[in-house]
């Protein structure tokens, strides 16, 4: 099975950890992407001097910032869903299913069980996270007990999970007399408290930022983080060091799934305050997030920034469509190009090696030679 | 055979080779001539530049300056392909076999005989057999490389080079992972090979091998040649001085633990006790049968035995690392209590597999140095694992154990083999556990470091720690161990006191001669049991004949 | 005719008129959305207004696009489909000076500055069913639809009901494309159609959006017949498509936009057979020039016209699956 | 009923052929040691270019040729960046899949002049085997009659690839390179060149997959019409590893499960659950295989 190779892939990636602040290649990458994108625009007759301001406006100005934040929150959550298991070398490609079932669970609870204020928001979120954790968690024993790599099982479980959520909102949880498969509007008490006027910036933002900070802290500064990184770097080494790697695999897989489930809950409890079939998966948070995490080349601290970059591209891209008349297909072209180019420059091994060589200068141990 | 240039010229000659890695000068103006038909030893400390020099000779790396002559003619070696074309062949220390390909495929790949576009494995098989006959290297062309015991794998590696008509064969630390029997047969093969005019370059850390197997020796130190010797006219001491700039102290038995009136720890209770231990593998085949022994504080107990005699299972069970899924009976007691499954924290353990188990290549030296101890309160910061404390501990260990490293923040893969090994020892010995289990502590490690490591083990013994030492170096066992247990087919078949354990007695016990008289020759034994270990008896097919 | 004429639409119409159309999804293969875009575009040209299309990708981007449209202060903001129900419940109330138009649905609480246009596509589907019931030899009908969602049942249930009204023994089987791109998977749609044909179905209604052509191909290869939806799809597979369940989105849209531009906003305009907002090609006068197979069966056409009249007259009531 | 079973087989073959072709490409990459997750985008690109070339030349076979060539060219992005520059192949693939989606939709309007779905009576699809005179052969006639020649060709290609990998010089070298690139390099094999070859060949196969999808299964192009088939191919490669016949079995298992799900829909199974069926069945098969293989597994230990 190709597990062997995939494993080394993960190891290589989880390996590329390093201290902060080596952002030069990232900057270079973005610059390179800009150049190529500009060329594409010129070729198809879009004026870059209209398009770029429109992109920025579409992402951060004119009241669009709230929508960018609205997309940043789930993307960051999904990034963690992928990044946490990745630290132990496991690929979670099943974010969609974990998110969708988490969302359905949150919606079902909010609709069916009357809850006091406060609890009406918190409990569905907790249940959403737990649901996501369970959906993702099954992949760990499937790997450790049956030898099926998580990259396969997460992908295989995802589609049925999405289908199940779709079935649930189509039948048992459906809003009657409406065209789409969607749940009824959730009760007011279950609406995420908004920050600001629009309703799109909710307490989801501080929540996810806090959790991200928590993850970065755990990863860098705690025993658990150390054990997770060691497992990703060399599973047998970790086992040798007394790390219970199988349990850790369950924990990190479920931890990732919890974030995906939480994202589902946050989306459903946010506007339009219901589970709309397909609405969670349509924006493609899962794969945007994966690209963002991989761009961060295994540096947790960089993840929020790469997620922000991807979100700005995505949301700003729509602004570009609206204001600069860039056709929507071209937006996709540009996003694809940016990902390819940024990846080419930022994750290139050749470049990384050169960087590593430069870092190798200090001479501490020579004294005892 | 192609012969360019005049026949008096060396088969291969490296002239003024310099190679830098950033600030490190790995090779500094090295000259080295290899004569036709000789075995030329290359020795030196860890990091002296041996592997780098060999990789230049084999076209894997290009020198910053200097060049290579073949039969007196300057050749360009920009890739292994070109080196192969010039009759060079290399056996790397870490074998480079394709695990899922057959032996025949492994040997011919890149130079396949074909018939109408199809790889002619029959022809390949015939050629492999012929080579086997000429050089005494027998392997089954149809078996899968990934399932072969190490000794056989190495023969495949050599066959790979010979098949390509290599006239200069480079071997980088070929015996580091071989048992003494396997090593002896390797040298027989090399002797045979040189008889056809092929030259051999042998990189090794084992002086005994240098003295018995080579014709001439070149010593490297810090990237320079510090000595050239004709083997017959030199001594181990001379070589060591060239290597490390001083001679080794006299070999000494470790001192008795302090404060032990009669000089033996015999009266103390066992720190580690193995009692009637039997282990079955998943197929229900016994890997250990009724093994019992004990190790007292301040005692070093050695484990000898050919590979696959149960050492792996024994040590994995003692340390708690044996993966679940196999049945055991009997027990392992640690000061009277059973060991914990998963990993027993009160036993320090230096594994044989430095890359696969003992270190995580991509993690920093500092992070590698705390593994296993990472839960101790001493490393706790205000909340969580204190990075400063981790670094601090690493610096202390680097200093105390004289580990040569650029920075404790660098990945451990940047350390030379010997220094990585010292790092592992430093980590485990510094934990102050009552019991230490050590496997192959000096494998691939230079003589200076060997001496140091032996010193460390003796110190541990003197400090009252109980040491279980598994090694395939009989001299190491004899020098260090108070008692030596010999394992054969999952049983302890002999127990010898350190001073009564001669190579002969050990060797005889290792082949099961004492347990089952009339066993076959050591050679056959080594292989069949090693084979059994790696592929399980169910699908053990003949890999040798 | 709502408050704030002097600031909003009127001000805009004084200078230049403009229309912003927002779709719930990328237009892509969706013939319904394509027609909606075409209608708005042509109306804009007709009344001399500028036209902009905002394609949304998900509920959040719908809201964002509506916000952006509100900032642009056009003559009218058009939203297509029920996906706008939530946003158009709140936003028009916050911007009373702005005119909104929702096509194909209407929120329960309708603001006065929101105009709604909706269709009784089930009436047209019923007519298609009548044709299918009359033309099927086996009496076995099928529908290949994109997804099993309530809205899509508006094309399925009345279709079978129409067939049953003329052939009590007619049976109907719906199959759904599903998968990861249900609205644009012609290969899967074709395969579903073949499955139906394998079971003896000889008339299939294609409600699979971008997959419809796959259904037509399957029908053509097996000598079965098909129905298209939304637009005239007969030319795509001449002779194999009997007729189409048509929704004159463009016509209804044009009328509504013109009304709004003229200051007549608000209310719900329902387009059914009576209003000529939905229909089948068989009702067209220039049917002979179309490539629809039904043209060869004058008796069927006559029956369809009669049923149409009965529906318009209220003699026949077509059940709306969404009303149940 | 016999006929019913034969049409079932036929529908499985039709549905599976594009997946098989793409998976075969993925397999080549996997054998060479490159993880190719861009099959979805490449198949879509292949479908689009095949239709465009068919549209422009008026010949289905030129369409196929054009699709194959253009997709091989497209896959050069992956080959250059991931093999030469060793960039992360997964991120590159995420970008390439997105790029293909946008680029096909954009160029469709430029080249074919429409958005959404392009179909025209003038667009030439691949001939059927029946049309080529094979309809009277028993079994083959009923099962394959309505299929394009690429359907049997795909299965022949799998067998040929299996043979090629096993028996030929280049096949052996490719296998070696994937297993242990350093070892291959130290034997003088050109690791990069073989990997480039594998990735480009995968592109060509995805082009063929796209051509079969758009000119064989149907005769049209529709935005996003690869509809997840490339992902199924990726999963099949993950399951089958480097073994062509296992990859083929994975594709067929999936295809049969999917066709069964279709049929169960007719029997009242909700569409959403029918959608899940192939994934659930594949997963169960894997678990059973895993449970059975657990005892036999030997650790793959490299020298």
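Every chain is named by a letter (A, B, C and D) in the order it is written, and numbering of its residues begins at 1.
As a working rule, a contact is a pair of C-beta atoms (placed from the backbone, for glycine too) under 8 Å apart; a residue touches a chain by one contact, two chains touch by 3 or more.
To keep track of the chains, here are their UniProt names: A, D = ABC transporter permease; B = ABC transporter.
Note that this is a predicted model, so its numbers are computed, not measured.
Q: Counting C-beta pairs in contact, which comes out ahead: A-C or A-D?
A: Spelling it out, more C-beta pairs touch across A-D than across the other pair.
Q: Could you tell me the distance, in whole angstrom, between the mean C-alpha positions of chain A and chain D?
A: 28
Q: Quick one: report the Å distance separating chain B from chain C, using the average Cα coordinate of each chain.
A: 76
Q: Nearest whole angstrom, what separates the Cα centre of chain A from the Cα centre of chain C?
A: Distance between chain centres, rounded to whole Å: 37 Å.
Q: From the C-alpha centre of chain A to that of chain B, how far is it in Å?
A: 44
Q: Residues of chain A that touch two or more other chains: which are they?
A: In chain A, the residues touching two or more other chains are 159, 170.
Q: Any chance you could list the residues of chain C touching two or more other chains?
A: Only 148, 180 qualify.
Q: Provide the list of chain B residues touching at least two other chains, using ranges where the numbers run on.
A: Chain B, residues with two or more chain partners: not present.
Q: What topology does the chain touch graph have (line, ring, star, complete, other)?
A: Basically it's none of the tidy shapes, so other.
Q: Can you identify all of the chain pairs that touch?
A: Every pair of chains in contact is listed here: A-B, A-C, A-D, B-D, C-D.
Q: Under the stated contact criterion, what part of chain D meets chain A in this complex?
A: 30, 33, 35, 77, 81, 85-88, 90-92, 94-103, 105-106, 109, 178, 231, 234-235, 237-239, 241-242, 270, 272-273, 275-276, 279-280, 282-283, 286-287, 290-291, 293-294, 297, 300
Q: Under the definition above, what is the set of chain A residues touching chain B in their complex?
A: Going by the criterion above, the answer is residues 11-12, 14-17, 19, 217-218, 220-223, 225-227, 229-230, 233-234, 236-242, 244, 357, 360-369.
Q: Which part of chain C faces chain D closely enough to touch in the complex?
A: Against chain D, chain C makes touches at 27-31, 34, 147-148, 173, 175-176, 178-181, 184-188, 190-192, 194-196, 198-199, 210-214, 217, 221, 236, 238.
Q: Going by the contact rule set out above, which residues of chain B touch chain D in the complex?
A: 58, 60, 79-85, 90, 92, 94-101, 105-106, 109-110, 112, 114, 117-119, 145-147, 150, 153, 160, 282-283, 534-536, 539
Q: Would you tell me which residues of chain A are touching chain D in their complex?
A: 1-2, 4-6, 9, 13, 44, 142, 145-149, 151-153, 155-157, 159-160, 163-164, 166-167, 170-171, 287, 290-291, 294-295, 297, 327, 329-341, 343-345, 347-351
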